[in-house]
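Both complexes shown next keep chain A, but they swap its partner, so chain B is in the first and chain C is in the second.
On to the complex of A and B.
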């Protein structure tokens, strides 16, 4: 009996799913559903989901980019590569940052992120973006 | 009837395009990411926020020393305004002066139209007009109403008051004083009384604002609605008697900046 009921339910659902969308809407309206309002809600919801999806992807990408920048500088300090070290030193001097930042060997990645900011950071992000692309 | 300015219309469109009624419970950091920019919190001197446009990337730096969530939200929303409306500005610093609603005309011209637009944008982004109007509709005006709106929208009392002037049911006016000098005043379009222009003058002696400047008096929440005479802030006509009116003053005081916003209304 249960199986028969399930088959009937399935049949009714499939019948409705294969109907013309306008007929379904009309039927829902007859049952008191505000179809226009529901349509708008669904449309808003899907726009929000799309936006959030893009936002999460973009955030992940930027976080990775910022980590990459800090890593590159960390590596440069460890390997004693002149040019990035000179740039970092100049940034520290220009910004008159506190003494804690003077010892490059002890800089953490967070501190490197702290030093490189503003226009310098955006330029670096643009540059590395190109490399990744 | 809700009237949209360039800034507020832009914010409204942005919300609509992305399926949002409001951003009350949506993290603004994530909203910024969705718009292709990144928020970074950093110590900043003489600046609450700034936007830096690169060729491809954009960073919004927010002062991590801002202690009030409402102010932080407004700063972020203001920078989003620049991001959407003013692409191409190289480096942009915003502080109390650029984000103040109450700069006098001289200052406003100096800071430029872009700041005004960004403030209008931020106000609409955080307090969508249609929702704001519905939330206050039919509720008697009081300081508590402003507080309730401020909590609901997660914005400051000042920005809520400014929005109420535009959209509120009850006609109110306000006076912004700084360092014992009236800097600016505004009124609802339906406010039926004549305001004596006290710009650049000291606040009236019998005003609640002056009580703060002279005696440091700040009323508790319960007593923040103080009765005043009509003649305190407004013109009393020859044929009028102060005793025939019920006027009140509620002060939004920021001791750190020595500013007072006096909200004045009649019951």
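On to the complex of A and C.
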């Protein structure tokens, strides 16, 4: 795109991006848009987007916490720290998991995550911090 | 569920989506008109919703270092407007000059792999000559003084509406109304 067309395109775009929103709405009304009715439709749309976005952020936080806790348990197993190991064994028993989970040394990170899934991760993290540090 | 890309997810937390949608809608109507047939039977607003959702899911790459989120979304919008025009052109052989701004094809910034893509392949035409030619055409088309002054502001790289308004000592709403007339006049000039 040559410079003149680029400048015109930028000029037009800047207007729509920066103009006072009330002026934009008034102009839409003049174009025949039922702004009042559409406000509700837009509000529902943006709420849906924000809701999905919050769900994604929450999932990301949970995933990060799961990673952290799994690493802490791994560290505890490697260093043979009694309390967290006992807690992990208790979780395995409570969940009645298969024999593959009984040999702690061979537990993978994903298996540890499977064991702790469904637990209050924040409380678990607090406990581990106290037990390991 | 909509798979929103991580970097966009952070931005959305504080984004005024409602206003951005309105801005996109106004831009779209200025390019495609208000007739449903230009939107595959959809309302212009539904067309905008579709573009917005697509932009969130990473169909297009956003280079955060080059442009901000609003500009990225507008880049996606321009690309989809271009696609809508092309689709209509393919479907109907007869051009409907009354309702479609086909001249937009001439100046649209087509997005290649990412928004912010700079096309350096087109031949460079002398800027001042082209500016003078377009200015003459605007005068021939009886553009008002404000329209001409807006165009000259753009040529001098003054782009923000408030800056233009301050420079011309007019209120922004007056400038915006002139801009809409200028857009229509330009469409006519490019179609002739």
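Rule of thumb we're sticking to: the second predicted complex is superposed on the first by the 81 of 133 C-alpha atoms of A that agree within 3 Å, B and C clash if a C-alpha of one lies under 4 Å from a C-alpha of the other, contacts with A are read in each partner's own complex, and residues count from 1 in each chain.
In this section, a residue touches a chain if its C-beta (ideal position, glycine included) is under 8 Å from a C-beta of that chain, and two chains touch if they have at least 3 such contacts.
Keep in mind that this is a model prediction, so the values were computed, not measured.
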- Message: With both complexes overlaid on chain A, does A:46 touch chain B (first), chain C (second), both or neither?
- Response: both
- Query: If you stack the two complexes on chain A, which partner ends up touching A:55: first (chain B), second (chain C), both, or neither?
  - Reply: both
- Query: Does the superposition put A:106 against chain B (first), chain C (second), both, or neither?
  - Reply: neither
- For A:90, is the partner it touches chain B (first), chain C (second), both, or none of the two (neither)? neither
- Which holds for A:117: it touches chain B only (first), chain C only (second), both, or neither? first
- Looking at chain A, does chain B or chain C touch a larger number of its residues? C
- Message: Under the contact rule defined above, give the chain A residues that sit at the interface with chain B and also at the interface with chain C.
- Response: 43, 45-46, 49-50, 52, 55-56
- Item | Of chain A, residues touching chain B in the complex | 43-52, 54-56, 58-59, 62, 65-66, 114, 117-119, 121-123, 125-126, 129
- Residue ranges of chain B touching chain A (in the complex, touch as defined): 17-21, 29-31, 33-34, 36, 38, 40, 42, 50, 52-59, 61, 90-91
- Message: Touching residues of chain A toward chain C in the complex: what are they?
- Response: 1-21, 23-28, 31-33, 38-39, 41-43, 45-46, 49-50, 52-53, 55-57, 60
- Contact footprint of chain A on chain C as seen in their complex: 1-2, 4, 6, 9, 12-13, 17-19, 21-27, 29-30, 34, 44-45, 49, 52-53, 56, 70-71, 74, 78, 106-109, 119, 122-125, 127, 130-131, 134, 150-151, 153-155, 157, 159-162, 172-173, 176-177, 179-180, 183, 186
